[in-house]
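The next block holds one structure in the form of structure tokens; read it before the comments.
Letters A, B, C and D mark the chains as written, and numbering starts fresh at 1 in each.
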Amino acid sequence: MLKFTAIMLDGLNYSAWLFLVAVGLTLIYGVMRILNIAHGAFYAIGAYVCASTLGLYYGAGLPEALAFLAMGLVALIAGVVLGLAVERGVLRFLYGKDEVLMVLVTYALFLILGDAVKLIWGVESYFVYQPYAYFGFVEIGGLPYQVYDLLMVVLAVVLGVALWFWLERSRMGRMTTAVVADREISAAMGINVKRIFATTFAIGTFFAVVGGAVTAPKIAVTPGIGVEVIILAFAVVVIGGLGSIPGAAIGAVFAGYARALSVHLAPEFELFAIYAVMAAVLAVRPHGLFAKVSGRKI
Amino acid sequence: MTQTPILTTEGLEKRFGGVVAARDISVALHAGETVAVIGSNGAGKTTFVNMVTGYLKPSAGKISFRGRDITGMSPRDTARAGIRRSFQISQIFPELTALENAMIAEIAALETKGSLSSHAITDARMHAARGVLARFGLEKFADTRVATLPQGVKKQLDIAMAAVDDPAVILLDEPTSGVSVDEKISMMESVITPLMNGEGTVLFIEHDMDIVSRFASRTIAFYEGTILADGPTEEVLRNDEVRKYVIGGTAHA
Amino acid sequence: MTQTMMKTDFRREPVYIAVLALLLIAGFFLPSWLRFLLQTALAGGLVALGVAIQMRAGLVNFGQGLYYCLGGYAVGLLSAKLGITDVFVLLASAVVVALLAGALLGLLLARYREIFYAMLSLAVSMILYGVLVKAAALGSTDGFNVPPVTYLGWLPEREIRADVVYTLAAVLVVVSCLVVARYLRSGAGMLCEAVAENEIRLEYLGASPKRIVFFVIVTAAGISGLGGGLLAISTGHVDPLMTNWTTSGGFVFVALLAGRGSTIAPVIGFFLLELVQTYALDIAPNAWQMILGAVMLAAILLLPGGLWSLIDRRGKA
Amino acid sequence: MKKIATLACVSTLALTGAAMAQDSIKIGVPVFLSGAAAGPFGEPEKNAAELMFDALNAGEVPAPYNSMGIGGRMIDATFIDEASDAVVEYRNLVERTGVEAVIGYTSSGNCKSVAPVAEELETFTIFVDCGTPQVFEDVVTEPKFLFRTGPTATPDAVGAARYLRDSGYDLSRVAGINQNYAWGQDNWRDFTGALDALGTESKYVSNQMPQLGAGQYGAEVSALLTSSPNVVYNSFWGGDLEAFVLQAAPRGLFARSAVLMTCGEALFPAVGKNIPEGAIVSARGPFSVFAPENDLSTWFAAAYEERFGEYPTYPAWKMAQAVLGAKAAYAKAGEGATAADAAAAMTGLEFEAPSGIVKMANANGHQAIQGIGFGTVTQVDGKPTVENVKFYEAECVSPPADMRAEDWIASGFEGAVCE
């Protein structure tokens, strides 16, 4: 029973984290057809920015409760600035190029940003453990669990719903959906595709940065933390169906519970549980669980 | 016409969920015929072509080709058996030149008529590919990347590729759609003439009755998924029901 | 009558391969560190070539390292664990293992296209990575060492061992280029482009896109396995990183940048990438990945037709 | 003919190294400059190497190392990133840069692949930190030019088992959390083997193997909590170790079980105050807080702290030890010694280091053996240190010269000399 509780909680917690790091990737792919490897670098930068600014924040003796506000603010600024810089600075010159070429472009960006992080922050670990400890823990069925981890689930749900609302209800969001459906017709209808792209990329980047920022208090922020994230996020997005936001949620739940189950029941398979799920899903549903397969008209 | 038909369909039916797209389609095509298929949009013309060429599996009924049951065969096997088609939206290899397109059509036949491991570019095959282009008046585009060609030329190339192997039956799905009105007839001439020179049966879907009466000896009229009339073109075009439901529906609606 | 088809001038191909052979002969006299770099790059170059031919069919394999790794481990296991040291047996086994794996995976992967092909091949290669990392008996992430090989019973003296391995690698790479060039001229090779361009049309011409794709997967697997075997013999070491996605990413990059003008382009391209990497490492040990990334970005932005477009006038991608 | 062609082809590429002045000794130093191992290993190793090179060149190191340079020659160091193709870059160091000796390597995988190349190129090479016993057991069984001045990983696991038993911990339920790669797998195998050999009759209730660099251990910590072990064995390093402590401590894992971390000392500078009291740590040898007090250790710790602003963690000590080993070897070989002379002199050498006397006792005199200390963490004025320290001598936790580590553990530590 205790084990069951643990699996449920751990799976939920890990799913929430996976969703946060993957949803930006699927949004950017859905709208822009860019499979963004630099997403991992954005995640890492989010973690570094959070760790170093909150370090300054605590150092200045400011109230602890407001640190979370600072964290959100910093993530928002970093996400928008970084996203727009990359989109305006590099990607916009390459729109319309082959999807695979764009993968390599973002891979090159990933390498460049990785070393840039190293040059700015050095190779030593950064820590900002205060937020993780701030809420303490609760016992759930005899299992001590960090409240921070539970709040991460809440955050993932809130941000996911907010994104969905934005896409479905706001004017800008609906225009974005139109671009996803048919880029040329949208442009012909007078939708400013360039602006949609820039906005989408900034929002996607923001999600990666938030993912890094909320993870920073749990980990040692070190070089290389972005590498694993990309592959996990890819796996999640591919399981759910590239470009689908509900798909990212379902993919995260699949991958999250696959990992939790293997950790508790068969720890030796933890290393490739997620890849195995991904391969299995693709073998049965070649385009992922939620992909809209557009048959070609003849 | 006493000879045995080359292609027959018996009671073909196609349902998509609750919608019946085609019902009780029974047709017999003979060698050397040129047949037009007319009907308004959604009358079942393309569904019929798609079933015959293996793109759609019939819900009921039977298709026979040269006496062999080919119902439910894949497009590839249908093509290999000798039934080829062109498409309403031209299906070509856009980044390649016209000659390369024709060469691919030649090479594609290797899988059945030779070995895929043999040298694909032979002088004989090149000659044949150029010959096909010449037959359809496309030789001047041999070295042009076909994505840049006008719509009508693309459709001609599409048909030329379908004709490469001198198939027994060739089905053209709206060969003149997307071609400007004053070019339709010359375009039709440039494709039908070389096709009729062969022994093959030609079936084409067409909306323009002028073209139908000019090029087809026989016409089949579709209406709401069934065959309304089937016979010599002049008779079918004079048929009252056809005039009311089909010609009226397309030309004067 | 022209022999230039599908953006490749097949009349010139033997000339290009002859040029490669001459370059490799000249390479024999390079200083030993550079020649060693060239030798390992030749092994990787074969894998890049394998990725490049799949690209003709519009398929981007982000897990080609799988076959590279299988080839390397086949050589490693047979020599280190079973004591078989004959180079020809070892390399033949590497190719056979890779071909078998390619055939098996080809059955599955031939159904997939575009990004899904890329992702599924990546997933499979990462599963192998996971399995190898778990395999403590095979050294896990450390991998294991491969003993010196013999040539039909002859174990070269230590002083000339490097010369012999280089010669072998050079000869096999030239032969592989010839084999691949021959494959590309065959029906199966020629139709790859048609698969990439319009599968529906191809299907209605009576050809089987799945079979064409299957052939290209298997062919690419074979030469990649040979590349892996050559690497194992060259560096005397194999480890699971060979099947990591980052390794495969390098092959994709080279294949894409090399263009499709010639079979020798990915081989030379891979050497150039290794050269950039080692000099970046030397010049800026703290920021070499940044240099590498900048060079990649510059190459993509400035040479949209690939490196080969510098050589080939018609090289428009 | 070959030489002429060589010069003609690549004179610009190749000659940078050869043209250096005669009175310097070029040393290549491969350490991690990028990736996850750069912070915990690369940085302290690089710092220690720079400190030692500068101090040696200035003659500032205490006796017996107070002569200038190495072998009377000034040290000219080339650092390269270990996170690259190890064999290719090793060759480049030797054949392109033209270094005379190589001191470095942290990754066992790199050590295994470089080892035969070092012998092939006949280059004096000292491995600093990599822990796999296979280097001399399987890969290079008759070394001439290759040395390792740091102990293997065997003493970590064996010492841990002994410490737990000798300190009276309840070993009935034991769990492990180790990274899923060679290092973690070997550690867990050796640790459970050592416990079995000691006859503790432990039940292994959970064996967690998270991926290297996973960073998030929520599920693993849950699994450890639900399997209620008395003792948890952990061989994490770097960011993974730090993250583990940050995530496991607040959930009470340390309060419920005794957690032993073989690399735990490395936590002290960065997250020292987050380590719960009572956690068991080592420094993988007589380093740092476990180092003996002598002139060299006092000088090294002070000089390092003065220059880099923090106390050196164990990788720094190991690097200092490797550099001094090279210095001692050249000194023994005498004036005008070549690298080959130094390698010959180093075989079986005993030399002084900040960690005490280092004995090149195993692998025909090419592998150092050293003791290991364990202790529990206690916080004094907000700074962590160790108490309840037990130190095991080299002969107690290392296999004898003629035995493989695995066999030695399986045999129940045949020939071990413990006090």
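We adopt the following convention: a contact is a pair of C-beta atoms (placed from the backbone, for glycine too) under 8 Å apart; a residue touches a chain by one contact, two chains touch by 3 or more.
As the structure is a prediction and not an experimental result, all values here were calculated from the model.
Separation of subunit C from subunit D in touch steps, taking the shortest path, is 1.
Ranked by C-beta contact pairs, the top interface belongs to chains A-D. Chain centres were defined as the mean of their Cα atoms; on that basis the chain farthest from subunit A turns out to be B. Here the spacing of subunit A and subunit C, counted between their Cα centres, is 33 Å. Annotation: 36 Å between the Cα-based centres of subunit A and subunit D. One finds 43 Å separating the Cα centroids of subunit B and subunit C.
One simple way to say how far apart two chains are is to compare their mean CA positions; for subunit B and subunit D this gives 75 Å. Counting only residues that touch two or more partner chains, subunit D has 33-34, 180.
Across the assembly, subunit C contributes 133-134, 200, 286, 288-289 as residues in contact with two or more other chains. For subunit A, residues touching at least two other chains, in rising order: 114-115, 118, 227, 268, 271, 298. Subunit B contributes residues 53, 74-76, 79-80, 84-85, 87, 91-96, 100, 103-105, 107-112, 114-121, 123, 126-127, 158, 161-162, 164-165 to its touches with subunit C in the complex. Taken in their complex, subunit C has these residues touching subunit B: 1-3, 5-6, 10, 185-191, 193-194, 197-198, 200-208, 211-212, 215. Across the interface of their complex, subunit A is touched by residues 60, 108, 111-112, 114-116, 118-120, 122-124, 126-127, 129-131, 133-134, 200, 245-246, 249, 252-253, 256, 286-290, 292-294, 296-297, 300-301, 304 of subunit C. Interface of subunit D with subunit A (complex): residues 33-36, 38-40, 42-43, 180, 206-211, 213-216, 218-220, 222-223, 225-226, 238-243, 246-247, 250-252, 270-271, 274. Subunit A makes touch with subunit C in their complex at residues 35, 90, 93-94, 97, 99-101, 103-105, 107-112, 114-116, 118-119, 227, 231, 234-235, 238, 242, 268, 271-272, 275-276, 278-279, 282-283, 286-288, 296, 298.
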